[in-house]
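Okay, structure first, notes after.
As written, the chains take the letters A, B, C and D, and residue 1 is the first residue of each chain.
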Amino acid sequence: MTEPSYSEFRQMIEGTFESVPFVREVGLQLHQVDFEKQTLSAIFARKPQLIGNHYHNILHGGVIATALDQVGGFTAMVAAYQRMGGAMDWEEKIQRLMRLGTVDMRVDYLKPGRGEHFLCSGSILRVGNKLVVTRMELHNDTEELIATGTATFLY
Amino acid sequence: MTEPSYSEFRQMIEGTFESVPFVREVGLQLHQVDFEKQTLSAIFARKPQLIGNHYHNILHGGVIATALDQVGGFTAMVAAYQRMGGAMDWEEKIQRLMRLGTVDMRVDYLKPGRGEHFLCSGSILRVGNKLVVTRMELHNDTEELIATGTATFLY
Amino acid sequence: MTEPSYSEFRQMIEGTFESVPFVREVGLQLHQVDFEKQTLSAIFARKPQLIGNHYHNILHGGVIATALDQVGGFTAMVAAYQRMGGAMDWEEKIQRLMRLGTVDMRVDYLKPGRGEHFLCSGSILRVGNKLVVTRMELHNDTEELIATGTATFLY
Amino acid sequence: MTEPSYSEFRQMIEGTFESVPFVREVGLQLHQVDFEKQTLSAIFARKPQLIGNHYHNILHGGVIATALDQVGGFTAMVAAYQRMGGAMDWEEKIQRLMRLGTVDMRVDYLKPGRGEHFLCSGSILRVGNKLVVTRMELHNDTEELIATGTATFLY
């Protein structure tokens, strides 16, 4: 019973993440996936369409929520994939992961979304056989913590 | 002491809502503002860029969060404007409203975001002299409740 | 195929609700259960041990959270019981309901918890075959809305 | 301009924490306060009245929410006190802190509340001149993470 390498799964994650239409719209790009720590991060650059407040030239809260939801969801996939273990075959696992959806999310907007580049990272609070709870953070290029979030996913 | 008509404020709301760059990107349009009930709603149509899941052809959670945040924020402005009353002059009120920001938000994703058109509506749970708490709902064109949210705003 | 009366289930709910030790401690009592509307409510009286702030003589936030969690959970049981339908036998359904647990909860503290008596009511936002999402409200005896909440339950 | 020692404030925190009636009811005791890191923790022991589920002998969700709310609030006080700095006198600061209240809170119930002793700790996500956002965690005596929470406080 050989523990499979994650190369196939990593390819799937990489192929899927940026193929999500709204993720492309925002310009969110997968940055890192760590299967051992079950963490994942993505980056994006400020562009005029992402602004929520002219006067202050800051990101719209919806952009931040989009990044947190997307990163949380894919971090949850990483943990759920490992949780399903060897009991299921590849096909079946992927099918379950494709159905993974956000149940609820809290976002805390800590500082105005100022900056040129943003890094959004996700980690696992709990992984069960149906639910995954993740924590997410968004930092700007001066390492300010712009927002945090917690989300529950069902798979 | 004449109670001012809301025409000037309504114009401001209407002029501002759709000028928000990310709101245009999503295609969210102001639908109704009711100053007496302190409710506000917006509509948007599905378009390919808003999709979050190819397989299921549903809205990205971030699109839903964007609509809820935006509608919640503008509903909060309506209530905050009235709360400030006659004690402040127009200039000062508008300046405070321009600084209104989301403190935190919870989104509950109740059903997959399927549909051609969506209606997002906001109402007030509490308005204080610093904070406003709003509740938001998103329905699709078959009147399914897709998502609800609660958010806290500071002004 | 006769639709069973809810009398047996109602008895179970009534017998269980007030047998929860911490619920007795707080003094929370089941008030109403409506199986058709899938709503449930409970009442409790202010007593010195429930106070959170001497100076203002108001309920501790934890008392409010306790009422919301408890009422949300039992409202969720009502909906989950009906959702399981005739496919499962009584024994099996009850076993699943006994395992029902809170996944997460948001509480909004809208007004100070002043009053002699409080009514906490729950309703259903969504019932699935694994998760139930409920909304809860707490009113005092002058019908002020003290707090609202949203919670997700797994069964 | 001597930086005041925190001894007076520490005394106030220590004197106030366990004088809260519902905190006594639950048996929550202040454990540590770190003014530099702006962290605070409290402990409590399982007792029969705190149980929420007979069958599983676990804490009621409301007990967990009580601990998180209380620890979050007092952690927020520590940060708010420092944020107010030397501009206000002692009297005025304490008056503002006495009015500090929870605006909203999210609790994530990650594992059943099993254990003999529990440690609840709080830290600061953001401190502004009106709002403080805190994160809280509850561990049991085998160092399992039972619950996490995020709360917003107004002062």
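One rule holds for everything that comes next: contacts are C-beta pairs under 8 Å (C-beta built on N, C-alpha and C of every residue); 3 or more make two chains touch, one makes a residue touch a chain.
Chains and their UniProt names: A, B, C, D = Thioesterase family protein.
Only a predicted model underlies this, so the values are computations on that prediction, with no experimental measurement involved.
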item: Common touching chains of chain C and chain B; value: A, D
item: Classification of the chain A:chain B interface as same or different, half of numbers criterion; value: same
item: Maximum centroid distance from chain A, chain identifier (CA atoms); value: C
item: Euclidean distance of C-alpha centroids - chain B vs chain D, Å; value: 33
item: Gap in Å, rounded to a whole number, between the CA centres of chain D and chain C; value: 25
item: Averaged-CA centre spacing for the pair chain D and chain A, given as whole angstrom; value: 30
item: Contacts with two or more other chains, residues of chain B listed in rising order; value: 103-104, 106, 108, 133, 150, 152
item: Chain D contact footprint on chain B (complex, rising order); value: 103-104, 106, 130-131, 133, 150, 152, 154
item: Contact footprint of chain D on chain C as seen in their complex; value: 19-26, 48-55, 59-63, 65-67, 69-70, 73, 98, 101-109, 112
item: Interfacial residue positions of chain A with respect to chain D in the complex; value: 106, 108, 110-111, 125-126, 133, 135, 145, 148, 150, 152
